[in-house]
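Okay, so chain A shows up in both of these, paired with chain B first and chain C after.
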Partner chain A sequence: MLLKSTTSKWAGLFVAIVLLILFMIASVIYGYTNTNWQTAIDAFTKYNGSNEHIIIQTVRLPRAFIAAAVGASLAIAGVLMQTLTKNPLASPGIFGINAGGGFAVVAAVTLFSVTDVHTFNALAFLGAAVAAVSVYAFGSFGREGLTPMKLTLAGAAMSAMFASFTQGLLVLNEAALDQVLFWLAGSVSGRKLETLVSVLPYIGVGWLGALLISGKMNVLAMGEDVAKGLGLNTGLIKIMIGVIVILLAGGSVAAAGPIGFVGIVVPHVTRSIIGIDHRWVIPLSGLLGAILLVAADIAARYILMPAEVPVGVMTAIIGTPFFIYIARRGFNGR
Partner chain B sequence: MNAIETKNLSLSYGETLIINELDLKIPKGEITVFIGGNGCGKSTLLRSIARLLKPKSGGVLLEGKAIAKLSTKEIAKKMAILPQSPLAPEGLTVLQLVKQGRYPHQTWLKQWSEEDEKKVNDALKATRLEHLKDRTVDSLSGGQRQRAWIAMTLAQDTDIILLDEPTTYLDMTHQIEILDLLYDLNEMKNRTVVMVLHDLNLACRYAHNVVAIKDQKVYAQGKPEHVINCSLVKNVFDMDCEVTMDPLFGTPLCIPYGKGRCILDKAVAMNG
Partner chain C sequence: MSKYQNIRFFKGKLSFLIDRKATFIFTLLFVITFLVFVISAGIGDMKINPLTVIKVLFGGGPEMEKLVITTFRLPRIIVALVVGISLAVAGGILQGMIRNPLASPDVLGITGGAGAAVVAFLVLFSDKNHSLTVSIAWLPLAAFAGAGLVSILVYVLAWKNGVSPIRLVLIGIGISTLMQALITLMMVMGPIYQASQANMWITGTVYGSNWKNVVTLVPWTVVFLIIALIVARTINIQELGDEVATGLGGKVQKQRFLLLMISTALIGSSVAFAGGIGFVGLMAPHMARRLVGSSFGALLPVSALLGGVLVMVADLIGRTLFLPLEVPAGVFTAGIGAPYFIYLLFRTRNA
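Let's turn to the complex of A and B:
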């Protein structure tokens, strides 16, 4: 743990906020069309319809906000899932949420030729929620109720099933492949601000909910029996976590497609900085998740200039070595 | 007045019946120890009393009230449970662990009070962990770690403390240290202590009241000096033994028959 005293933890949060703002400004200014501070400010104060101003207002700004919101949501969802499942590799992926959202969108495009963005988002959300609820239900069967192992297994099974269905649909309908491929890789580019506005109520409630239950998360982390003995209603708190994860991860999938690894990497980095108290981990991981995705999205513009890499590929490049590191380090670090 | 009562309590894992229609009374202000062979259901019974396991039928009364009708937080203010071999999250410090014991006393409005602070300090003091409070739980030795968990249950400040095999995996010194600590709690603060122990002789020394469990029922219950004898050990543990008197405490001392080196003139230990 890097930051031990309460003062240094507040300072850490403050630094993260400043960094996030700087990265978001960089995200608005830099890219294939390079602009500068002055142009960015002018685009909002003295809009003149120039190419740069249009790009800043309609492309760069929404992109920066979507990346930040999605990054924060995925990181917080990862924290909740790692504590809930006691599995350090848990992330929204293992709830089958990404796969469910992906399947819903591919099914909509291939079977029903949906092209409208709003329907697209709503379906992604719906698919993610259906997958998560079924994983939750399957994981709860049996006398002991919801156990981390059953949840993880149910998630892996549902993910595999939805992924296979998705691939099957795409094989049958190659024309649809082009339409959904960029979305399926996970991307925050080419999304309008309305995309964010439509999912913000859900992820906003998710953020607030995560902060409100952070103290109870500390109790749950002590293990099911100890938590129950301390008077925590573990059944209720698990349902609350499930709902919050669906809101955050479902909203993220709807806004940006399935972006992996943020939910795994950020919680670990956060805990190494600020310790394991969820009252600190949840806000800081939200900020760091936002920073990571905004930074990855900036990098995605430069790595194959003038072409753009989907940001999901960037997070995979950063996340894969980290994933292997955590897996090798072993569960609970023991 | 009984601290805890079970009424017609039946427990099962799946189809397997563990405890069958049990009526048990656990007296207030005493140390009660559950004894019995491996898999006899003593831990299951303790877990069920602590509401960690739902009964198949029947119920548990806590100070005369059905626990099924009390809120889990209300129960946590009256009864603490230390499960068998609990595992602290990696990186949790002793102080953070002990502070969690105050969870049932906190509300949305009252997050951390002076009383919480005092109870935590008292618990650290009673378990002699003040100098270790900033260490992480996973860096402690077995005995220290168990003391830290007990400190958490002390901070919970309940009249009743349940412990599932609190001395397992500890060496003899630390077993005595933990049991002495619990004995003091009972003597000085009049806490009701209910625990599962494997060591019959230590159970006889520390318990006011032993409950021997066999075949889904209570085989015998009472003061160790009244109930522990050769036939009980034979029937409950399926072991032949002599029961004599502990030369230091006068409580029953069970010496098993069996094989081993006999250095007495007459080989008396052979009929096991």
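Let's turn to the complex of A and C:
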């Protein structure tokens, strides 16, 4: 781990917050219509209805906030999933959340000709929640209740099933593919502030909940038996983790479509920086996830200008080299 | 009655321990595989009675049926069977080698590499009228090259005084995501015609397989399957952990490289001819584990047959149920496999 003393950890959190703010400001200013500091400030203080001001208020600002919120949620959900399943490869996707959300949207487009993006969002959340609850139920069969192994296997099977149904619908209906391909790749462009406002209650509760149970998760990470011996109600804590993951990852899918990778990578990177104590890992990985997604979203505007690349693609392109570097250096935190 | 049956030859100079339960299940699955094969060859636009199919398989039968079965159905069914076997065995090897139940050809990026190569092939060699400028026969080669390159890349990047399973799989995930990103990027940028063609390939289908494919695919697969069965016992030792395996005299790094290369060869050839059929590589080994336990001598053959049956049935459903539409086999592998797997999970819930 990079930061060993408590002071340096606080400093680390502070640096991450500053970086996040800088990236968000950059996200508001730069893009196809380049603006500058002054215009950005004027857009809020001396709004005059010019093109730049409209773009900043209605397009750029919501986008920066949605990217940050989604990035933070996915990263935190990833931490929770990796601890719950005791598997370093786990991500919110293992809960079937991306696959379920994707399936709900694609089914709506192909079978019921839904085209409205807001309906997409609601359906995605619904699909994600249904998939996650069923995975949780299948993983809890039997005397021992929820075990990491059963959860992982049930989740992998259900995700594969939903993903293949999605593929099937898309193969049968080529016109729909064109319509939802961009959504399926994950994107934060063209979202209005209402999108954020509608999911913020869920993910806000999720963030708070994650911070509150972070101490208990340290105990759970020591293993089922030890945790029980120390007096932790493991059944309850697992259900809470499940609910929080659904809120966070479901909200993210609803707001931005299925964005992979952030949920797997950011927790690993965070642990290599700050160690394995969940009370530090959860806030820092939230910040790093937000930074990654905001940065990816900025880059996504420049690659194919004037067209945009889905942000899910950019997170992979930016994140992979960094992730490989960390993986080679070794995860000291674990 | 003990769990194992000892079989001796040459007054004990050559002997085997045979797991009774695994042998029984293997035999049962073998019969099921044969039945599915025969039934599948008989179903389609033209229904053919299973007895006639068997006659045709042995060279007899009426001319018309013979034509339909041998030229249209057999190559396709054989490719489905072989692809299912390859993916299941490769998945089983990877899970044992990496010691992680989530390991599969997709996770290591091998399928993704093949996919990126295929989509790049479609983009690079298409002219303005959306027709390919080179023969489509090169497509399998592109897929195989993609799979091979990515697997070597992952291995090299994961090398640091040897390759540890966790580093291998984490770097695999990174590369795999990168490949998915490249695929999406090319599909979003390219014309819609290519997107749907590429999507068909990514889903995985054995549509349009011919005898030429079979002749290329089968010998290759058989060779690597035999090698896989011979080295399977080293996986049992590897599963105990690197320290124990080294202590027991296993050449861990060398075996690991060998196992990765075998899996790549099997995965590469199957994605080359059938595209990215998912689920089989991940789930067939788990199904087998729930049926016969986790000793690889029994696990690999059983998961091989499960994989073969799964892909054959998926293709049968895909080409018959939605006539006149053809649904790619890759859609149904998970569609029929997942419920069965959940059932197995439920049945062994207290194990």
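Things worth noting here:
Note that in this section the second predicted complex is superposed on the first by the 314 of 334 C-alpha atoms of A that agree within 3 Å, B and C clash if a C-alpha of one lies under 4 Å from a C-alpha of the other, contacts with A are read in each partner's own complex, and residues count from 1 in each chain.
Methods note: a contact is a pair of C-beta atoms (placed from the backbone, for glycine too) under 8 Å apart; a residue touches a chain by one contact, two chains touch by 3 or more.
Remember, predicted model here, so these are calculated numbers, not experimental data.
When both complexes are overlaid on chain A, the residue A:V226 reaches chain B alone and has no touch with chain C. When the shared chain is aligned, no partner comes close enough to touch A:R191: not chain B, not chain C. Using the contact criterion defined above for the overlaid structures, shared-chain residue A:N218 touches chain B, although it does not reach chain C. Of the two partner chains, chain C is the only one touched by A:S164; chain B is not.
After overlaying the two complexes on the shared chain, residue contacts for A:R63 are found with neither chain B nor chain C.
Once the two structures are overlaid, the count of chain A residues touched is higher for C than for its counterpart among chain B and chain C.
Counting contacts by the rule stated earlier, residues 143 of chain A appear in both its interface with chain B and its interface with chain C. Contacts from chain B toward chain A in the complex involve residues 13-14, 47, 50-52, 71-77, 80-83, 86-92, 96-97, 100-101, 103-104, 106, 111, 138, 156.
The touching residues of chain A, when paired with chain C in their complex, are 87-90, 94, 138, 141-144, 149-150, 152-154, 156-158, 160-161, 163-165, 167-168, 170-172, 174, 177-178, 181-182, 185, 260-261, 264-265, 268, 304, 307, 309-310, 312-314, 316-317, 319-320, 323-324, 327-328, 330.
Looking at the complex, you find that chain A touches chain B at residues 1, 143, 215, 218-219, 221-223, 225-226, 228-233, 271, 275-277, 332-334. On the side of chain C, the complex with chain A involves touching residues 100-103, 107, 157-158, 160, 166-167, 169-171, 173-175, 177-178, 180-181, 184-185, 187-189, 192, 195-196, 199-200, 202-203, 278-279, 282-283, 286, 322, 325, 327-328, 330-335, 337-339, 341-342, 345-346, 349-350.
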